[in-house]
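Two complexes come next, and they have one chain in common, chain A, joined by chain B in the first and chain C in the second.
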Partner chain A sequence: MGDDVIVCRCEEVTAGEVRAAIRAGARTIAAIKKRTRAGMGLCGGRTCARLLARLLAEETGLPVAEIAPPPSRPPVRPVPVAALAEEE
Partner chain B sequence: MANVVIIGAGIVGCALAARLAENGVKVTLIDQAEVVAGASGANLSLVLWSDAEPGVSLTMTRRAWDELPAEVADLEARTGLDLEFRRIHTLSLVLEGMDPRAALAGGAHLTEAGFQTELIDPAAVHALEPAVDLGGVQAAVYQEQAAINPFYFTLAWADRARVAGASIVTGRRVTGFRMDGERIVGLETAGSGEPVGGDLYVLAAGAWTRALALTAGIDLPEYHIIGEACVTEALPPLLHGLVGEAGDNRVPFELELAARGGDGSDLRLAEFAAIQTMSGNLVVGQVSHGGPGSGPDGRQGNRPAVRPGALRDLATGLVQRLPAARSASVIRAWAKPVPFTPDHQPIIGRVASRPNLFIASGLKSALIITPLLSKLIVEAVIDGDLGSLRPFSPGRFPQGGFEELRPGG
Partner chain C sequence: MTNTDVIVIGGGPAGLSAAAVAAAHGARVTLVDEQAAPGGQLSKQIHKFFGSREHLAGTRGFAIGRRLLEDALAAGVDVRLGRAAYAVYPDAGDGFEVAIYGGDDPAAGSEVAAGHGRSTTLRGHRLIVATGASENPLAFPGWTLPGVMGAGAVQTMVNVHRVRPGRRALMVGSGNVGLIVTYQLLQAGVEVAALVEAMPRVGGYLVHAGKFRRAGVPILLGHTVLEASGDGRVERAVVAALDERGRAVPGSERSLDVDTVCLAVGLSPLVELLLILGVRTTYVPALGGHVPLHDLDQQTSVPGLYVAGDAAGVEEASVAMEEGRLAGLAAAESLGRGDPGALARTKREVVARLDGLRGGPFGAVRREAKARQVGELAPAPRVVPPHPTSAPEPGPATGVPGRPRPLAVIECRQEIPCNPCETACPRGAITIGSPITNPPRLDPAACTGCGLCLTACPGQAIFLVDRSREMARVTFPYEYLPRPEVGQTVTTVDADGRPVCEATITAARLTGKADKTWAVTVAVPDEYAGVVRGMLRPRVVT
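Coming up: the complex of A and B.
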């Protein structure tokens, strides 16, 4: 995959930016996310997590199976504020 | 000081690693997860001087605040990262039933130190934050403070440490210290890897500090709350600064938790505060509670879950104060252990009976103070003298608050 390919559409993060994060020490999807914002958008990383795992495997030589999935954070899917709030 | 091991890659550990390595010290920084995985990144991104006293002294906070723009510019120049540092106002809304004069009087010591703290009326609040609903608001405490991206701020220190030659080991959990009498001779870690050891061990593990110090036979009075907050999708500009509510309920909450030895899953505090990041997301805080993991068996607090009810309380506060956000989506929430000490001062220094253990933890408002504090800590480590950091020494705690456990005890 070329460096200019967008891997996270929500936050418009390219494969090159992810590779740079890995070169700077990121060894997990969570670490890539903190540096690049990949996975921090509306979809919560559902689209890009696989691609991030693949890039991590390619760059570090780790088997894909050993790469932990990103931590799942509630509410898991976007939920409107009004649906969560308790209103009078 | 040939070889220093730092436990915890939060902002304190990363800044210390950078400054020690730049002073020619061989540094290994080790973290159970990744850089900025704990409380350093799980916050409202605020650079607050208003946490001074309780918190570190006004003199030190004033100096840290004055030096911060240059420190940030230096970090950005060295790393090429944009830390999103910006001046913002913080508004603490004074609700009906509260005495506005009392809300302001709580900041008298800040005014004396030259920090601008003033009461403004609802019309002035509206002028500053037109999207804020003023229902029940009789005034607000206005302060000029700042915000920064806490991930990038911490990562920049980590980058700087790496460039200076520090070795950063992530994904390896320290489970304890290996002792030979009073001396630490190595680290016990989960999983495999090269043994990690050094001449001096700096414990900068935030909420995990207490549990790790216990393995060296030291019981530090450092506890933690679990803080819960949530983030919305990116929105057009709605908020210009921080909007929260006046009234310091946090200090009594933490004192009660400390009085219980850190154990208090039934203790809960909901305080509304919201800020919009440079990316447009609203960060909404905070519900705090104690937990079974707050006690000496603090490991249980490792990965707390967001509790039922937290999202409801956060969303309810947001809709009430910022009605325009009602149709926005909440996209994630977190629950993170955040350390505190009973006197709200950090714990910094060597433990008398453990000659090669140095504690650097328990900061109340770490983002503002770390650039300065790390400089002073590195001087202390190199000179072997705490100097102006003496008030934070672990030796300040009276018998019973701080005790050395017998080996094996």
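Coming up: the complex of A and C.
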């Protein structure tokens, strides 16, 4: 995968930016997320998490099996703040 | 705040089956799903499904979804469509709280996206998560161009909204999803330039591949898509052969003029809600990646929290229904609902069917993977007896010269979990028996050539051959527009879509029971009786 290929479509993060984050020390998907915003868009990383895991495996030699999925926390679907404020 | 016994998240085959069973055994059940249409992915499926009668085999997917919804409603399930579960929390007692967001009526599913609706909370003693799976991405230069889309999006456009995504497509991936969607693109009038598959073999069922091979779509094994390009949208895609190490072979690149690239490269279980509740997971590539550990009742490492269907490991709709039933039974039982004898009896039946579905070489991989997944949580997994592997059918049967009646010719040679041909035959001439993955065996003496099996077969792998006259008659299933007409001259094809000869349609039958699958009969020279298996679709002017 070339450096200019976008891996996170929601936040338009390229493979090159993710590789740079890994070379700067990111060793988990969560760490990549914090450095690049990959996985922080509307889909919540549902699309790119596998691509991030693959890049992490390629760059570090970690087996894919040992790369944990990104941490999950509410809301897992886009919800307007107004709806939360009105909760019954 | 609504209080209930069991909350089910997800209205696909697993969730609806879980809800219906739990309610039938006396539990109060509320089910939520973010879509307005019932059935999860089933709502987009227009092909006939495999499986047995208990899985509504031979029925088109969307109709299965509707039936499962009717069953759940009849059992008294409170079904709330058009509502997304966006958060889960353990409650103060033994149960769970689920925050949902969405419209006020079942038809208001679109309001979720539109930003209307409101947030409410459900509280239940048991929670069954049946959230399904999400599509895997494939990143290459140009994959963000309009025209590159997942197979799920293609199905939504073509099968739900009746919009063609383009005029000429490249399909990536030969699992059952890629195979089925290729056929559906053809049915919708989209040309498919090729299907590329990185592995050296077709991943899904050969009968699904056969449906579009007869239309001449090439399958390029050991190939992948390298890039898509165009001015603002896809205008072409480059495919190339892969070497043993998965790298593109220099010089093998080929540019295809396509405006659509459809990605069908696998699914990942959607486990976000389970992760929030802290379930333990393991990594099983054969089941889609990170999967939650669960026991034989589908209960996760969190007591009272169950998982079923693709969220528990990607398999098939029929497996999802049975896993859902197991979860529903266990949830009801743990709440002291239902008659213990009835619960145990139903569970035995479900477990037996589930084992059957995981039989054969396709099922074996998943069966072993599932045993590992379950084994990590419960040290004593159910012992699954090995299924006998039957020898494949001997070479092509070509009918019997001089036999006064047509004879069914069954070209189904893989061990797949499916038996509608057996149940369709009024004479008991077709035997599959148990396990359900046995290939069908035909008793020619008992076959009357009625053709009920031909249109019942979801794999379109049964034909009728009549060699009683000078010109043989071959009957094949057909699901394209325009409608075939008696007297029409057509070009017949073999199983790989290669033209065989010109022929006249002598009969074109469409019965209600066949549910839109035509049985088309053509007259061909006797020597082609064993070769002709379809016809080229007449050009449609669009």
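Descriptive notes on the structure:
By our rule, the second predicted complex is superposed on the first by the 86 of 88 C-alpha atoms of A that agree within 3 Å, B and C clash if a C-alpha of one lies under 4 Å from a C-alpha of the other, contacts with A are read in each partner's own complex, and residues count from 1 in each chain.
Everything that follows uses one rule, which is that a contact is a pair of C-beta atoms (placed from the backbone, for glycine too) under 8 Å apart; a residue touches a chain by one contact, two chains touch by 3 or more.
Quantities reported herein were computed from a predicted structural model and do not represent experimental measurements.
With chain A as the common reference, the superposed partners chain B and chain C fit together side by side. Of the two partner chains placed around the shared chain by superposition, chain C is the only one that A:R50 touches, whereas chain B remains out of contact. After overlaying the two complexes on the shared chain, residue contacts for A:K34 are found with chain B alone; chain C is out of touch. Of the two partner chains placed by superposition, only chain B is touched by A:L42; chain C is not. In the superposed model, the angle subtended at the C-alpha centre of chain A by the C-alpha centres of chain B and chain C comes to 140 degrees, rounded to the nearest 10. When the two complexes are overlaid on their common chain A, residue A:V79 makes contact with chain B and with chain C alike. By the document's definition of touching, of the two partners only chain C reaches A:A65; chain B does not. In the superposed model, A:A26 makes contact with chain B only, not with chain C. In the superposition on chain A, contact is made by A:V5 with chain C only, not with chain B. When the two complexes are overlaid on their common chain A, residue A:A15 makes contact with chain C while staying clear of chain B.
Between chain B and chain C, more residues of chain A are touched by C. Minimum C-alpha separation, chain B to chain C, in the superposed model: 5 Å. Shared contact residues of chain A, touching chain B in one structure and chain C in the other: 44, 73-75, 79-80, 84, 86-87. Those residues of chain C that touch chain A in the complex are listed here as 1, 34, 84-88, 99, 101, 112, 115, 117-121, 134, 136-137, 139-141, 143-144, 268, 270-273, 275-276, 281, 283, 289-290. The touching residues of chain A, when paired with chain C in their complex, are 1-2, 4-7, 9, 15, 44, 46-48, 50-51, 64-66, 68-69, 71-77, 79-80, 83-84, 86-88.
Across the interface of their complex, chain B is touched by residues 24-28, 30-31, 34-35, 37, 40-42, 44, 73-75, 78-82, 84-87 of chain A. By the touch rule above, chain B contacts chain A in their complex via residues 33-37, 41, 151-152, 155, 158-159, 162, 168, 170-171, 232-234, 279, 305-306, 311-312, 314-316, 318-320, 325-334.
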